[in-house]
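If you scroll down you'll find the structure; I have some questions about it.
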Amino acid sequence: MKLLEYQAKEVLDSLGIAIPPGLVARTADEAAAAASRLGPVAVKAQVPVGGRGKAGGIKLAGTPEEARKAAELIIGMDIKGFKVPLVYCEAALEIERELYLGFTVDRDARANILMLSAKGGMDIEQVAEESPDSIARLYPNPWRGPLDFELAQLAYDAGLGELVRPMTALIKKLYRAIPDYDALTAEINPLVVTKAGDIVAGDAKLEIDDNAAWRHKDLEQRYGAVIQGDPYEVEAKKRGLTYVSLEGDIGIIGNGAGLCMSTLDLVQRAGGQAANFCDIGGGAKAEVVENALAVILMNRRVKGVLINVFGGITRGDEVAKGIITARDNLQMKLPLVVRLSGTREEEGREILRRNGIEPGVSAWEAAQKIVELTKAGVR
Amino acid sequence: MSILVDSTTSVVVQGITGREGSFHTEQMQALGTKVVAGTSPGKGGTTHLGVPVFNTVADAVEATGATASGIFVPAPFAADAIMEAASAGMTLIVCISEGIPIQDMIRVKDFLHGYPLARLIGANCPGLITPGQAKIGIIPQRITTPGSIGLISRSGTLTYEVGTALSAAGMGQSTIVGIGGDPVLGLTFRDVLELFEKDEATTQVVIIGEIGGSDEEHAAEFIARGSRLKAVAFISGRTAPEGKRMGHAGAIVSGNRGTAKSKEEAFRKAGVPVAETTDDIVGLLR
Amino acid sequence: MKLLEYQAKEVLDSLGIAIPPGLVARTADEAAAAASRLGPVAVKAQVPVGGRGKAGGIKLAGTPEEARKAAELIIGMDIKGFKVPLVYCEAALEIERELYLGFTVDRDARANILMLSAKGGMDIEQVAEESPDSIARLYPNPWRGPLDFELAQLAYDAGLGELVRPMTALIKKLYRAIPDYDALTAEINPLVVTKAGDIVAGDAKLEIDDNAAWRHKDLEQRYGAVIQGDPYEVEAKKRGLTYVSLEGDIGIIGNGAGLCMSTLDLVQRAGGQAANFCDIGGGAKAEVVENALAVILMNRRVKGVLINVFGGITRGDEVAKGIITARDNLQMKLPLVVRLSGTREEEGREILRRNGIEPGVSAWEAAQKIVELTKAGVR
Amino acid sequence: MSILVDSTTSVVVQGITGREGSFHTEQMQALGTKVVAGTSPGKGGTTHLGVPVFNTVADAVEATGATASGIFVPAPFAADAIMEAASAGMTLIVCISEGIPIQDMIRVKDFLHGYPLARLIGANCPGLITPGQAKIGIIPQRITTPGSIGLISRSGTLTYEVGTALSAAGMGQSTIVGIGGDPVLGLTFRDVLELFEKDEATTQVVIIGEIGGSDEEHAAEFIARGSRLKAVAFISGRTAPEGKRMGHAGAIVSGNRGTAKSKEEAFRKAGVPVAETTDDIVGLLR
């Protein structure tokens, strides 16, 4: 779960990290009210994706009236597929310098990596590429957490020796997001040193492991409903599916992430473009197939669907029957190509054929067929 | 010959009385796998599927001398189950459970440093099978035939596809290892390749990779340093979109590595042909 | 710091461990009021020492009047040198069975050891001696804490398999006393399983590391003043001395724990008995010597004092001068023998002699001399 | 010859700019100890007592190649300082600081398992000295003379007493090691005995123990198994009262071990004479 900035800052605050005063506003009026309480503010779009600044999602407002106008512009705008549900009005900071602090999972190291740099701000990826040494790194032992001397070394390595003590304390607090919240990534960029010498989180990004949601039900309850992302993804999540929206017009269903991804690859190779990634997992039960089809058919852009299923435990004939039931229940009219392999694949294909569904023997053949059918606009 | 598991391996099934544990224990037994015990807290002293059930893995090991474990417990208990198996002296631990929190697995990986003999496969993997001999996990026996090809894969269903295709083409397998698709996992491609390298019965290997991480690149480097094995690789996810990024931390850490392109290039540079589709694998092995 | 039962139970409660309802009473009236709120209670003396039950410090009271009488008897009584400052009135439990749960530092293993036994209650030391296997043991890794499977094994080893889940949860809570409070020992004996099936702390003992007091200032503030122990020890603590009261009549001052203990040994060997152990540490500064002498002279039983100091960094002549100043400031009339060794020991002895203080060349000679002087009753 | 430290050992003083650190660094230098660097966070780049000061031990090691460290920092920072020294590659770490929380030391001991080459002495100890060559810690040089007796002690001032007595009797010392009196500490009597056993220049050892723990008993067992060293032991605390016990946990763990009686008997059983008073030690060595 990717938290919005204001949510991430609430979590940082609960960990004892200083954040600027700020108020959430769901309407332009609320934004004006916030500015009259806070003084000059930044009005910031709340979306779980980077690059909102460049997309026009952050505006400075010196007066309540300016805040109202900014909020009017920002609330409801679309940033990389997310409709902005609300803005965060935050008091402006007197910035002395901007640092970078973050951690994430380094999958090659099978460990968490902490990163600290004196060169904070927007261009940290460029810094990483051009002068990697200016980003100090630490792999804390996952049971011990970062030790004081390791954090001191990190601060000295980052050229922030004069901030060793406050930085050690702050990083230990941020690190608590791992044991306490199963955070996968936390990033404070910029980490602001104010003219008064305080260290304050200028922005905050926090991603919580969905696999650990059972340990943090409170978070899901507080924040789960706020984000208004892609409507199909929202619907798929409700139905318990692994689903990602894409740009194309061919709906894809597969069982297993690898099979599903390779199906996407084949469709593109055949000249088509997938409308989604949808992994229905091992069993390929009729009910799950129906749920997946239902979500895919919600998308008006979809011109046809390719189902690629390997029948391992579930037999091919059962999978075929399930697909037919799902199609009939949903009164699906679009082209449907099914590639079935594994146990009883022949019987399965025969059932499909009898019910007017194109079976594919190989995945590649099936991909070519669905691309052909959608291009032809067959109904 | 084979790697990691054969008909002599004595196996404990952790979570043997659960639905998944029961079903797959039966499948493992049907192939002839020597399942010597199961564990299920509170059910110690009972028998299930003809096998004695113990409360803890340590008890099971003490009573049976088992050296390998298959884990079929729900995700919230899986990390603990892996550590329990290692601390009980298991040398092969196969964790099928999916959905384990990543931070749990990071802690498990560190824990395992204290048990250098314990090899972990997975989690979130189909396990491994030595055709005609034994299996730990859920790979269907019927997609396999005994032979000399080693198969290593991050994906479950693609493993089944490729296994089926190989078997249909008369190309048997020495051992098939599904290492799992999670970001933080046990044995890597490279680890398994090293084992195949030492297994005389294996002459060819198929590597089925995926985008993300650098394990495929490391495997390619291993082969490039000289291997007696004829290898073929396949990478899925060429057209998968990058996840919508929020911060920069991920990009700073991984840079340009982890893409399908980077992986395919690494294999080609190592002299390993890369299949365009899984259907092409059989042809490239010939 | 050894917490009183009610204090330890407050800590257990803060860790999420169930405790019986109870109220502190400083007077007999308060005890009666507590009983009228709680119903039948046990009225328990609060002293930081074991064996209060056998000493008559625990009485059952069915009515407020009985509670009043019990409190009258118990408050102010002396239990092993501790004057009982208050009682804890605790609602009676319906006991199904009594278990033992505790941890302490195993100094040989340089680790914490967790112990669990189905044979709880008073006689656990006897159990340990007669059937050590009935006490299950676990050495948790100090960074990881006890892991679930380790705690399950502990419960099975203790023959408490049916309680694996609640016991695992409970022990993890108790273990938090180590990272959260620097506990050295925690003991719940008996750990009561009630007829209703709840697991409740029947008694509680908790010792916090004094060396970690700076991390737990709140504890010291809340609980530090309540315990009314030996008055000399209380006074010594105020003056920052390492002091333990003993039964004899010869006051002892030494620098370094080892030297101090060996001085005690010598006094006993010479036929005397020490009134205290008092380690004034490395420097042997005049001010510290004076503080130590002052505390020792508070004790009317003391008939003479032996000071045994090795002058390492501080020179012998300076130590001698300090002792004389201290004696004069305190107008000490009792026999005083000083054994000085190390740098400038000769000069030091000469100064002592000139000022009417018996110097001892060897510690053994000095011990014999002070025993002789105190037996003679010289003034 | 000697153990652990000699005139070639290059030493870093952690906390060199503090009062204690400064004073004892001068003492160490006066004996000729090769103090090559000090650390003091925030003072990196400066010089103190003629020695370069670094922010971290890792920086000091990188610049000087030092292998030993003396720690003179306040107790709240001492556990971290020990771990820092180990992680910087120190093979000898002498921690003088007293008052370190026991749980900190338990964590440190576990941390050190990851650094098997790092030997910790202390904490809460006077350190060690090889007379006429070098010292790390606070043992006064003037109580020592070079010679062939190894001295190991849990107590600071008793070490000085015995050192003085030995020197006065013309019995020089190879190395004097004050291992410290804390319940959880680094090298034990037995560990140091093993080192003396291998040191040809040491022919006799004096062991100054205390009540509590079983380290003296383990040392006696070590000698009983056969040692070329002539040993004499002394135990202080025969008449020390047991602490007023609150619970039973301590008694369950330690049973009858840890008393002066148990320790003295263990030494006598091992053929090691036990001195009645420290004054008797010289006589027993003759």
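Quick notes on this structure:
So that you can tell them apart, the chains are marked A, B, C and D in the order they are listed, and the count of residues begins at 1 in each.
Keep this in mind: a residue touches a chain if its C-beta (ideal position, glycine included) is under 8 Å from a C-beta of that chain, and two chains touch if they have at least 3 such contacts.
What you are looking at is a predicted structure, and each value in this text was computed from that prediction instead of being measured.
The minimum number of touch steps separating chain A from chain C is 1.
Comparing chain pairs A-D and C-D, the larger number of C-beta contacts belongs to C-D. With centres taken as mean Cα positions, chain D sits 56 Å from chain A.
Once the centre of each chain is set as its mean CA position, chain A and chain B turn out to be 28 Å apart. Chain geometry summary: the mean Cα position of chain B and that of chain D are 50 Å apart.
Shared contact sites, meaning residues of chain B that touch two or more other chains, fall at 107, 111.
Multi-chain contact residues of chain A, defined as those touching 2 or more other chains: 141, 143-144. The touch graph of the protein chains shown belongs to none of the named shapes.
Contact annotation for chain pairs lists A-B, A-C, A-D, B-C, C-D, with touch applied as defined. By the touch criterion given at the top, residues 41-42, 44, 55-59, 77, 80-81, 83-84, 87, 107, 111 of chain D touch chain A in their complex. Residues 144, 147-150, 152-153, 156, 161-162, 164 of chain C touch chain B in their complex.
Of all residues in chain A, only 2, 48-50, 80-81, 102-108, 110-113, 115, 124-125, 128-129, 135, 141-143, 178-179, 182, 184-187, 189, 205, 207, 209, 211-212, 214-215, 244, 246, 254-259, 261-262, 264-269, 274, 277, 282, 310, 312-313, 341-343, 362-364 touch chain B in the complex they form. Partner chain C is touched in their complex by these residues of chain D: 75-76, 99-107, 109-111, 138, 140, 142-143, 153-161, 164, 181, 183-185, 208, 210-215, 234, 236-241, 244-255, 257, 276-279. Listing the residues of chain C that touch chain A in their complex gives 141, 143-144.
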